[in-house]
Amino acid sequence: MDKITWFTLLSTGGALLAISIGVIAPAFAMGRAISQALDAMARQPEAEKSITRTLFIGLAMIESLAIYVLVIVLIVLFRNPLLEYLLK
Amino acid sequence: MDKITWFTLLSTGGALLAISIGVIAPAFAMGRAISQALDAMARQPEAEKSITRTLFIGLAMIESLAIYVLVIVLIVLFRNPLLEYLLK
Amino acid sequence: MDKITWFTLLSTGGALLAISIGVIAPAFAMGRAISQALDAMARQPEAEKSITRTLFIGLAMIESLAIYVLVIVLIVLFRNPLLEYLLK
Amino acid sequence: MDKITWFTLLSTGGALLAISIGVIAPAFAMGRAISQALDAMARQPEAEKSITRTLFIGLAMIESLAIYVLVIVLIVLFRNPLLEYLLK
Amino acid sequence: MDKITWFTLLSTGGALLAISIGVIAPAFAMGRAISQALDAMARQPEAEKSITRTLFIGLAMIESLAIYVLVIVLIVLFRNPLLEYLLK
Amino acid sequence: MDKITWFTLLSTGGALLAISIGVIAPAFAMGRAISQALDAMARQPEAEKSITRTLFIGLAMIESLAIYVLVIVLIVLFRNPLLEYLLK
Amino acid sequence: MDKITWFTLLSTGGALLAISIGVIAPAFAMGRAISQALDAMARQPEAEKSITRTLFIGLAMIESLAIYVLVIVLIVLFRNPLLEYLLK
Amino acid sequence: MDKITWFTLLSTGGALLAISIGVIAPAFAMGRAISQALDAMARQPEAEKSITRTLFIGLAMIESLAIYVLVIVLIVLFRNPLLEYLLK
Amino acid sequence: MDKITWFTLLSTGGALLAISIGVIAPAFAMGRAISQALDAMARQPEAEKSITRTLFIGLAMIESLAIYVLVIVLIVLFRNPLLEYLLK
Amino acid sequence: MDKITWFTLLSTGGALLAISIGVIAPAFAMGRAISQALDAMARQPEAEKSITRTLFIGLAMIESLAIYVLVIVLIVLFRNPLLEYLLK
Amino acid sequence: MDKITWFTLLSTGGALLAISIGVIAPAFAMGRAISQALDAMARQPEAEKSITRTLFIGLAMIESLAIYVLVIVLIVLFRNPLLEYLLK
Amino acid sequence: MDKITWFTLLSTGGALLAISIGVIAPAFAMGRAISQALDAMARQPEAEKSITRTLFIGLAMIESLAIYVLVIVLIVLFRNPLLEYLLK
Amino acid sequence: MDKITWFTLLSTGGALLAISIGVIAPAFAMGRAISQALDAMARQPEAEKSITRTLFIGLAMIESLAIYVLVIVLIVLFRNPLLEYLLK
Amino acid sequence: MDKITWFTLLSTGGALLAISIGVIAPAFAMGRAISQALDAMARQPEAEKSITRTLFIGLAMIESLAIYVLVIVLIVLFRNPLLEYLLK
């Protein structure tokens, strides 16, 4: 096989692997934060507002980590900067 | 085998692997959030409304992670942008 | 062996592997949600209605993750879109 | 060996592996749900009826996951749709 | 070696592996259910009847999962439907 | 080596492996059930009769899983049905 | 090397491996049962008799699992039924 | 393949792997910190201000670790200093 | 190398491996039983006699499992019955 | 490939691997320290000052460990002292 | 290399591996027993004598397991009975 | 490749691996010690002084372990004593 | 390479591996015993003397296990009895 | 490559690996002992003196284990006694 084929195969396989591994930890972290928020609500219903606010900021920060992975995956699939060395 | 065959094999195998690994963490996270919501309901039945709302927003965010994986898998199976370099 | 054979072998093996791995996490998550619902019922029998409703919505969402895997497996077994490149 | 032999070997080995892995998680989930139901009964004997009903619905949903695996295994052993490409 | 030899070896080895892996989870699940039933009995001796009934239904459902594995193993050892393609 | 030698080696090695793996889970499950029974006895000595009865039925069902493995191992060592295809 | 040599090597290595793996689970299970019995005695000294009786029956059943492994190991070392096919 | 191809493949694959592994621990750590903050809020609502401040400083420090990984990944993808030795 | 050399190497290596793995589980089990006995003594000093008796019987039974491994190891090192087939 | 290529590949891959592994433990440790600090604040709001001070010193020491890894990674990427032996 | 060399290498490597693995479990078991004894002493200082006696008997039995490994290691290093077949 | 190349590659890769593995345990240990110190402060604010002193001595001793790794890594990168045998 | 080289390499590598693995379990065991002793002292300050005595005997016995490993390592590095067969 | 090269490579790599693995367990053990000491101080401030003394003796003994590893590593790097057989 030629080098473009190897590059295509590795990029495709790597992207699939990276996105499936990359969502593991954010998913666990979200599950933990949400369940703790629900627990906190049940114990202190009147603090619902500040709990919800903290929870959503937290979920956004965790989501940002999954977005990092998604961004790298999309860069690799759509616009890999190393491709120009390969096409030369 | 020629390069298209390798590409087809890797894409098919990778898609199967990625989707089966990619749902692991969201499933665990959902299970945790739901069971905690049920626990919270049993302890504070009158907070049912805010618990349910937080739970559903949380499940939607976790589901979004599984959707990321599904989207990458479908891109690979149906419209892989790297395929054009291979067909050239 | 020719390329169709490789494709058939990998699709069959991958489908078997994916479905058997893909049901692991949903099964654990369901087991957790159900057992927590039973626990909640025992502690708060009068909240049975809202517990059951939340449980069934949750089980449906978890089941949706297993369905994603099943759908990808069936696409691979019955109508793989990458097959046309292989048959050309 | 010819291609039909490879196909037969992989299908047989894969089916054995898939079914033995595929029952792991449902079995654990069932064990958890049942033991929690027994615990709930011991704490709240008068809620036996609703506990039993929820338990059986839950066991049926978990069983459905094991059935998915069994169905894919039997499709592979008895009527694999990819076999026609191989016999051509 | 010829193809029948490979088939025989793989079927024998696979059957041994599958049955020894396949009983792991049912055994753990049974152990959990039984020990929880004993615990429930000790706490609520007068609910013995309903505990025993739920336990036995549960053990039967878990046993059914081990039976699935045993059935596939025996199909492979005694009447493998894929054997006809091999003997042709 | 000829095919009978391979068959003999694999059967012997597989049988040793299968029996040593196959007793793991039943042993753990028995240990759990027995220790829970002892705990239940210490808490509710007057329920000894029903505890012992449930324990022995449970141990018999767990033993049945180990017996499945032993039966498959002995079939493989003494009367493997696939041997006739090999001796033909 | 000839086939008898392979057979001897595999039998010896397999027997050593099987016995060392095979005693793991029974040993853990015994340790659990014994320590629970000691705990039960300390809490309910007057139930010592029934505790001891249940403990010894349980240890005997767990020992039986280790005996299964030992029996298969000794069959393989001293009278392997598959040896006659090899010596023919 | 030539050396630039190897370099491109390894950089792409390594970048995908590194970012997907590198977000695991920060995600877990964030999930833990957020859930503990929610727990603290529910127990001591009047300390919300200092809790939020400490939480955000903490999240920023954990995020810095994920940024280290992202920076190294981007250096490798866009401006690898070792590339000049390779192009010479 | 000739066959006796292989046999010697495998027996020596296997014996070392088997004894070092084989003492793991008995050691853990003993540690558990002894520490539980010490705990029981501290809670119920007057039951020391029956505790000590049960402990020693239990340690003897766990020791028996380690002895099984030692016996197989010594058989392999000093009087392996399979050696006669090899020397023929 | 020549030796500079090998060196470049290994340095790039090793740097990516090292940084992604090297932040795992510091991230966990920070998460633990921060969450404990939040817990401590909720229990003893008036000790906020000394808690914050100890927390920040602790985070700085943990960060120093991640910095060690980052320094070695940057040395390898930008100024590896072993490179002179290679260029000679 | 000749056969004595292989034998020497394997014996040396195996002895090092066996002793380092073989002390793992006894060390853990001793740690557990000693820490439990210290705990028991703190709770029941007047039972120190019987605690110490049971502890020392227990440590001796655990030590015996480590001695088994040491003995086999020394037999292999100094007087391996299988060496005579090799020197013939 | 010549021997200096191998030496350079292995030293670079080993240094990266060693430092990233070597900070794992010290980081965890520090995280544990710091979080426990915070917990102790919250429970006993007036013992802050002795807690802080013990904590810092402890952190210094744990840091010393990470320093051992760093020293060996720097010796390997900058002044490896075995290099003289290689350059001869 | 000649046989002495292999022997030297394996002895050196094995010694490094064995000592680094061999101190794992003793270190954990010591950590456990020491921390439990500190806990016991805090609960029962007047039993400090007997606690310290038991602790030191226990540490000595655990240290003896690490010494076994060190002794075997030093025998291999300095006076391996198998070396005479190799030098003949 | 010649034998001195192999020896140098293995010694360097082994030393890096051994030191990074060898500090894991002592670091964990120290972390545990220190955190328990801090806990003990918070509960019993007046026992600070004896706690500190026991802690430091304990840390010294754990440090001794890390020193064993460091000594073997330095012997291998600077004065390996097996080197004389290699240089002959």
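Residue numbering begins at 1 within each chain, and the chains themselves are lettered A, B, C, D, E, F, G, H, I, J, K, L, M and N in the order written.
Basically, a residue touches a chain if its C-beta (ideal position, glycine included) is under 8 Å from a C-beta of that chain, and two chains touch if they have at least 3 such contacts.
Just so it is clear, the structure is predicted and the values come from calculations on it, not from any experiment.
How many steps does it take, at the fewest, to get from subunit F to subunit I if each step moves to a chain that touches the one before?
Contact-graph shortest path, subunit F to subunit I, evaluates to 2.
Same or different: at the subunit D/subunit E interface, is the fraction of residue numbers used by both copies above or below half?
Copies use mostly different positions to touch.
To test your reading of the model: what rotation angle superimposes subunit E on subunit N by C-alpha positions, in degrees to the nearest 5?
It works out to 155 degrees.
Express in whole angstrom the distance between the two chain centres, defined as the mean CA positions of subunit A and subunit L.
Whole-Å distance between the two chain centres: 30.
What whole-number Å value describes the gap between the mean CA coordinates of subunit B and subunit I?
About 48 Å, centre to centre.
Centre to centre, by mean C-alpha position, how many angstrom separate subunit D and subunit F?
Averaging C-alpha atoms per chain gives centres 21 Å apart.
Starting from the mean Cα coordinates of subunit E and subunit F, work out the distance between those two points in Å.
Here subunit E and subunit F have centroids separated by 11 Å.
Which subunit D residues sit where two or more other chains touch them?
Where subunit D meets two or more other chains at a single residue, that happens at 7, 11, 15, 17, 19, 21, 24-26, 28, 30-32, 35-37, 39, 41, 43, 55, 66, 73.
Building nodes from the protein chains and edges from chain pairs that touch, which of line, ring, star, complete or other describes the result?
It is a ring, because the chains touch in a row that closes back on itself.
What's the ring order, kicking off at subunit L and moving to subunit N?
Listed round the ring from subunit L, with subunit N adjacent next, the chains are L, N, M, K, I, G, F, E, D, C, B, A, H, J.
Give every residue of subunit C touching subunit D within the complex, in rising order.
Going through subunit C, the ones touching subunit D are 1-2, 4-5, 7-9, 11-13, 15-17, 19-21, 23-28, 30-32, 34-39, 41-43, 45, 48, 52, 55, 59, 63, 66, 70, 73, 77-78.
Please name which positions on subunit H make contact with subunit J in the complex.
For subunit H paired with subunit J, touching residues are 3, 6-7, 10-11, 14-15, 17-19, 21-22, 24-26, 28-33, 35-37, 39-41, 43-44, 46-47, 50-51, 54-55, 58, 61-62, 64-66, 68-69, 72-73, 75-76, 80-83, 85-86, 88.
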